[in-house]
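These are the structures in question, set out in turn.
Shared between the two complexes below is subunit A, which pairs with subunit B and subunit C, respectively.
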Partner chain A sequence: MPERLSGILPSVLSVLLALAVCWGLIALTLAPDTAANAYLQMLWGGIGNWPSYLEGAAATVLTRPLGESGMKAALLTLTGLSVAVAFKVGLFNIGAQGQMILGALAAALVGAHLSLPAVLHVPAALLAAALAGAAWAGLAALLKLYRGVHEVISTIMLNWVAVSLVDNWLVIGPLRGVAEGGQSITGTAEIQATAALPRLLGDVSRLNLGFLLALFLAVAVWVWLQRTRSGFETRAVGLGAEAARTAGIPVARRTGLAMALAGALAGLAGAVLVLGTERRYPGTLGAPYGFDGIAIALIGNNHPLGAAVAALFFGVLRAGGTRMQLLGVHQTFPELIQGLALLFVAGRMVWLALLRRRTAATPAPANAAPPTEAPRA
Partner chain B sequence: MLEVLHALLFSTLDAAPALVFAALGAVLSERAGVVSVGVEGMMRVGAFCAAVAALVMPTPLAILMGMLAGAALAAIHGFLTIRWRSDQVVSGIALNLVALAGGTFLLESLYGPNGTPPIQQLSRWDVPGLSSVPVLGALSGHSAATYLALALPFAFQFLLARTPLGLRLRAVGDKPHAVATLGLSVAGLRWGAVLGGGLLAGLGGAVLSTAVLDRFEQHTPAGLGFMALAAMVFGRWTPVGAFLAALFFAFGNALRIGLVSSAPGLLELIPQGMLLALPYVLTLTLLTLQGQRSSAPAALGTPYEQESR
Partner chain C sequence: MSLADASLDIRDGELLAVVGENGAGKTSLMNVLYGLYQPDGGQLSLGGKPARFKSPRDAIARGIGMVHQHFMLVPTLTVAENVVLGREPTRRGLFDLERAVSEVAATCARFGFQLEPRARVDTLSVGSQQKVEIVKALHRGAQVLVLDEPTAVLTPQESDELAHVMRGLVAQGRTVVLISHKLREVLGVADRIAVMRRGRVVAEVRPAETTVEKLAALMVGEGHPALGMAASGRAREPSSGMGLETNTPPPGDMLAARPASRPSVDPTANTAGELLLEARGLQALADSGRPALRGVDLTVRAGEIVGIAGVDGNGQRELAEVLTGLRPLTSGEGTLLGGPLAGLTPARARERGVGHVPEDRLLRAVVKALTVEENVALGRHTRPPFARGTWIDFPGRRERTRDLLAAYDVRPPDPTAFLRSLSGGNQQKVVVARELDARPKLLVVVQPTRGLDIGAVAQVHAKLREAREQGAGVLLVSLDLEEVLKLSDRVYVFFEGRVTGHFTRPQYDERELGRRMLGAGTDHA
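Then we have the complex of A and B:
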């Protein structure tokens, strides 16, 4: 089996299996024909209701769902990239959630309290978010490099520190916004119009510049990893730190910078959420996008473009989830599909063993176990 | 003053068992070398199954169902990480995500958004003669779960430190090849530890919905599994250490809730969010100070391969 195929096939099969299992779950707990109906609603809610458009409905039946999908996909792409970049250097970034919270808060503050022309305001808010996320991730990297603290434990702890300090104190306390009438509101003050990410299609959907930013960054990260010296060195560290050190690669610097980049990407996810749709730091982020990033990165086989594809797919499902609500299926149902897909992807070895048995008739190559870039936790 | 202390101790002991059991489960699994990030998911599944089972059967039996549910999730973890040597953190995170979304789906489609109907709570026991003693009286009037949580850590510590089985469990987490050299099964020992950890985490969740609350709520256990991990790290991967850390965190929580209701003025000075962050900040600080001398099992997170050295 070609190496590229053995990278992609387990992910595709896992997603299909997850879709099938979840179908069965709805059929068992609700009613058999509800399952088909719910999946159809999810599809129309994600890619737009094409049947009714072809029957003459307004174009908004397409643009609104597609906008929601693009918005969700942008967030998932960014957190997925964050986790994937950390994997490449051999670290498991469970802290994307905390880094995203810090990024969202930084973007909300810069967006609300600085007065700048739009050409400067948006980049300033994005930069602040990236720096905040990078700082939060950098903390974990420093602990790892200088004190040997395992990043899985430290990023889990940093997540909860971020949730406690931001959601349970700053946003409901010192940084709470005040509405025009004088009564306080949920979340921070609204950002100024100059800091909002421009909508791509005007008022017909919430699709905004964040979507293009996420896709651009996916390509940029891929080019960086594949085509530049520092990207190559980063991957070398991830494949074997000792060998990389022997080859003269500055292991500590590559590790620290990759983790900071991971944090910056997660921070940007927070900025896209705040500047693109929420317009303020809401009471909570609404969904565990940071943990979703782990699923997206691994379903995308730790490849930046793979993560983007996985994010687009699950962005469509997640946006469609709200339509399933009409049939008594909770709107977080697509998250279950995503979680199961991750679980099945975790069994990559099982898939490869099954696939190898299928192809056993043909002469097997000498190195039967294909090199996987699984992280060393 | 004594009354305040009494009330604080009472609510600490009332709420602590869930955290203690989950932390012990994490210790058991990790001492055998298998990372247990999935403890939150196992708690959630245990809490859900116990709450649903308690609607149709006596509560103690329902708790057993919760434990089995936790072990079932742990079995998936074991299948992926021991049998197929998958990444232990990935598997744990996946189980958390599945338990989170799956629990919400089942709860909403079976019972609606307000959680399961209320169930019969675990009965409370009075220790004769103790309830009238000041402060110590806080030990009386809890459910069986509390008394089990007070005894189990010491039994577990004895097992781990003083028995052949305990030595093997520790060895399989520190140097699995040595265990294999003695002709013992690395996979078998790890399976036992992972399933036992699942039973304990499931028990923690079950206790949460049958003794602390009286139902399964949408957000149960709301991060308690991660706090159990913090207690495990804080207790240096020992049962009694994790138990003391869990008690300490539970006491901090009781203090915080007590402050909210009795002295809101104090919370103006020390915001609740800071108090909530405290267990995690303390754990991070401890790890920073310990540095490389951290007491984590040496082979933690490394899948066992016979040929590797």
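Then we have the complex of A and C:
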């Protein structure tokens, strides 16, 4: 089986299996018809209600759902990329959520308190968010490199530090915004119009520039990893740190920079959320997109473009999930689908073994070593 | 496809040796026997009855034990814990260490192994670790014991001891299957020898009826240039399997059809070369924190091969690591290619022109999950033809890799193959090709031919000599004394982190060298 196919197939099959299992669950608990209808509603809720548009409904039946999907997909892409980049250098970044919180706060502050023309204001806010996220992840990297603290432990703990620091103190304390009438509001002050990410499909749709930014970054990260010297060094460190060290690659610097990049990407997710939709740092950040990033990265096989595709898919599903409620199906069902897909994709080796058995009629490739530690042939 | 219709009989109570080149299918055949691989066709029978092993568990249950080339021991556990791992004796549901120790001691005594059951495995020498592997298999009731390249990692003394152990097991009615490249050794110990080539058993002979030369000819096929015979230039037959092998004849100079005897080099001609390395009083610690180098003085000049002889674990490895920037000095000073030895990093060593063929290939030399071309670029990935500025130069890298794979006869010659899909010998060829292609001024090579077959060994040796003739200095660390003496112009003998002897060709006295390797002549310290 070609390497590329064996990277993609387990993910695709896992998602399909998750869809099938959830279909079965709805069919069993409600009715088979409901399952079909719910999936259809989820689809129209995600990609736009094309049937009614073709019957003459206004274009907003398309742009509004697409906006929701695109917004969610952008956030999932960025946090998914964050986790995937850390994976490439051999680190498991559980801290995308905390990095995103710091990024969101930085974007909200720069957006609200600096006065700049839009051309500069948006980049400034994005940059601040990226730096804040990078710094938060950089803490974990420094702890790892100089103190040997495992990044899983430190990033999990830094998530809680971020929640306590930002949600439980700063935004309800010193940084709490004041509305025009003088009354206190939840969260930080609203960002200035110059800092808002421009909307792409009109005011009804929340699709904004963040979506394009996320897609651009997915491609950029992929190009960096595959085509540049430093990307190659990063991958080499992730796949064989000792061999990389022997080859003269600065392992610590590559590890630190990759982790900082992971943090920057998660920080940008926070910025996209604040500058694109929330317009302020809300009382609490809400949906745990940072944790979703782990699922997105794994379903995307830790490939930057794979993560983007997974994010688009689950962005559509999760935006459409709201419409499942019309049929009495809980709106978090897409999250269940995503969770199951993650569970199934964790059995990647099982999928590959099953697929190998299917192709066993043809001679097995020489390099198809069994999962057991096999010595060289 | 590594096996193509291979047939082999193993008889009760014999010592059968299986020999063949890298990739001939020896290990694959044994992995089928051990249940690691499932055959696509053909059958396996044991004691006259058909057998089908779905996993090593089945094979172990039927009395087959395997000692892999790379040991499968838990370094932080004791000998006894490693031996009983997977079938631990318990008392009231808890692990019973005392019983484990006494059981393992009994097994050791029964088969005549001298091992301390309470010793931690990471404190043992490689030879002793191998004994632990053998005891582990015997402890599980192995009647048939398969040893994969067991002497590749052993000193000559340990190899002799292993031969003794194997004969002892056969005398006690066990069956031993020995997979090896080392024909001389095999001739001395085996009852019967099976020769494999390209996935088939091409001959079965008795040691009394054959010679090293005849065996070698059977292994590589007639007229192979590695044998020093006239290169026939005849096209290799295409392989029947995946078509991984080319049918183009190898380039003429590739295997350097040198006779296997010592090279005709004037030993005095090299002493005038430029001084590349001058070290005084080098001291360094081993990973365990104990002193590994205790004051080493040595020099390497351009155009010479300097060998380091010694029993494993006497500081040779640490010396190589110091010279390549992987291990810090604790004391001493030196000049390496015009710069200080202190504060050397792997990157600086490479910049100054140090090439390195590390001992532990899979850990240090290559990244298994990268492709062959990516591994060829490793360490030189910032320079042409592998990069152009910030960007990887894909066509340049591909072209250079293709050239190297052809020049070193790496199979398959596919730059995009993942390195892990290559056999060990071919992986090593990739490493040697990469390091020599960088035109190093000083090449530090450690155990360069460990586990390689005759053809590959001859080729690596030829390439090292070629590097010397082009003016490089080569520091060769090897546990294979024969290899050190064959290639080196000068030899330092190491014992417990000190130089206990210094010999210049042609004054090689193997007896005296051996004495020094065991610590005689420590007056140097």
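FYI, the second predicted complex is superposed on the first by the 367 of 377 C-alpha atoms of A that agree within 3 Å, B and C clash if a C-alpha of one lies under 4 Å from a C-alpha of the other, contacts with A are read in each partner's own complex, and residues count from 1 in each chain.
Everything below uses one rule, namely that a contact is a pair of C-beta atoms (placed from the backbone, for glycine too) under 8 Å apart; a residue touches a chain by one contact, two chains touch by 3 or more.
Source: prediction; values computed, not measured.
Peer 1: With both structures fitted on chain A, tell me whether subunit B or subunit C touches more of subunit A's residues.
Peer 2: B
Peer 1: Looking at the overlay, does A:328 come into contact with subunit B only (first), subunit C only (second), both, or neither?
Peer 2: Touch status of A:328: first partner only.
Peer 1: Tell me the contact category for A:343 with respect to subunit B and subunit C: first, second, both or neither.
Peer 2: first
Peer 1: Touch check for A:298: first (subunit B), second (subunit C), both, or neither?
Peer 2: The answer is first: A:298 touches subunit B but not subunit C.
Peer 1: May I ask you to decide whether A:28 touches subunit B, subunit C, both, or neither, giving the answer as first, second, both or neither?
Peer 2: Neither partner.
Peer 1: For A:58, using the defined touch cut-off, is the partner it touches subunit B, subunit C, both, or neither? Pick first, second, both or neither.
Peer 2: neither
Peer 1: Looking at A:233 after the superposition, I want to know if it touches subunit B, subunit C, both of them or none. Which is it: first, second, both, neither?
Peer 2: The answer is second: A:233 touches subunit C but not subunit B.
Peer 1: Answer with first, second, both or neither: which of subunit B and subunit C does A:154 touch in the superposed model?
Peer 2: first
Peer 1: With the two complexes superposed on chain A, say which partner A:245 touches: subunit B (first), subunit C (second), both, or neither.
Peer 2: second
Peer 1: After overlaying the two complexes on chain A, where does the subunit B footprint on subunit A coincide with the subunit C footprint?
Peer 2: 374-375, 377
Peer 1: Report the residues of subunit C in contact with subunit A in the complex, numbered from low to high.
Peer 2: Counting only subunit C, the residues touching subunit A are 1-2, 23, 25, 27-28, 31, 36-37, 40, 55-56, 68-70, 72, 148, 241-242, 244, 324-326, 345-351, 356, 358, 363-370, 374, 377-379, 381-382, 387, 390-392, 394, 417-418, 420-421, 423-424, 427.
Peer 1: Any idea which subunit A residues touch subunit C in the complex?
Peer 2: Touching subunit C from subunit A are residues 3, 226-230, 232-233, 235-236, 239-240, 242-250, 360, 363-367, 369-370, 372-377.
Peer 1: Could you pull out which subunit A residues touch subunit B in their complex?
Peer 2: Residues of subunit A touching subunit B: 25, 29-30, 92, 94, 143, 147-150, 152-154, 156-161, 163-170, 173, 288, 291-292, 294-295, 298, 328-330, 332-333, 335-336, 338-340, 342-343, 345-350, 374-375, 377.
Peer 1: Under the definition above, what is the set of subunit B residues touching subunit A in their complex?
Peer 2: 35, 37, 76, 80, 84-91, 93-98, 100-102, 104-106, 108-110, 223, 226-227, 229-230, 233, 271-274, 276-277, 279-281, 283-284, 287-288, 290-292, 294, 296, 301
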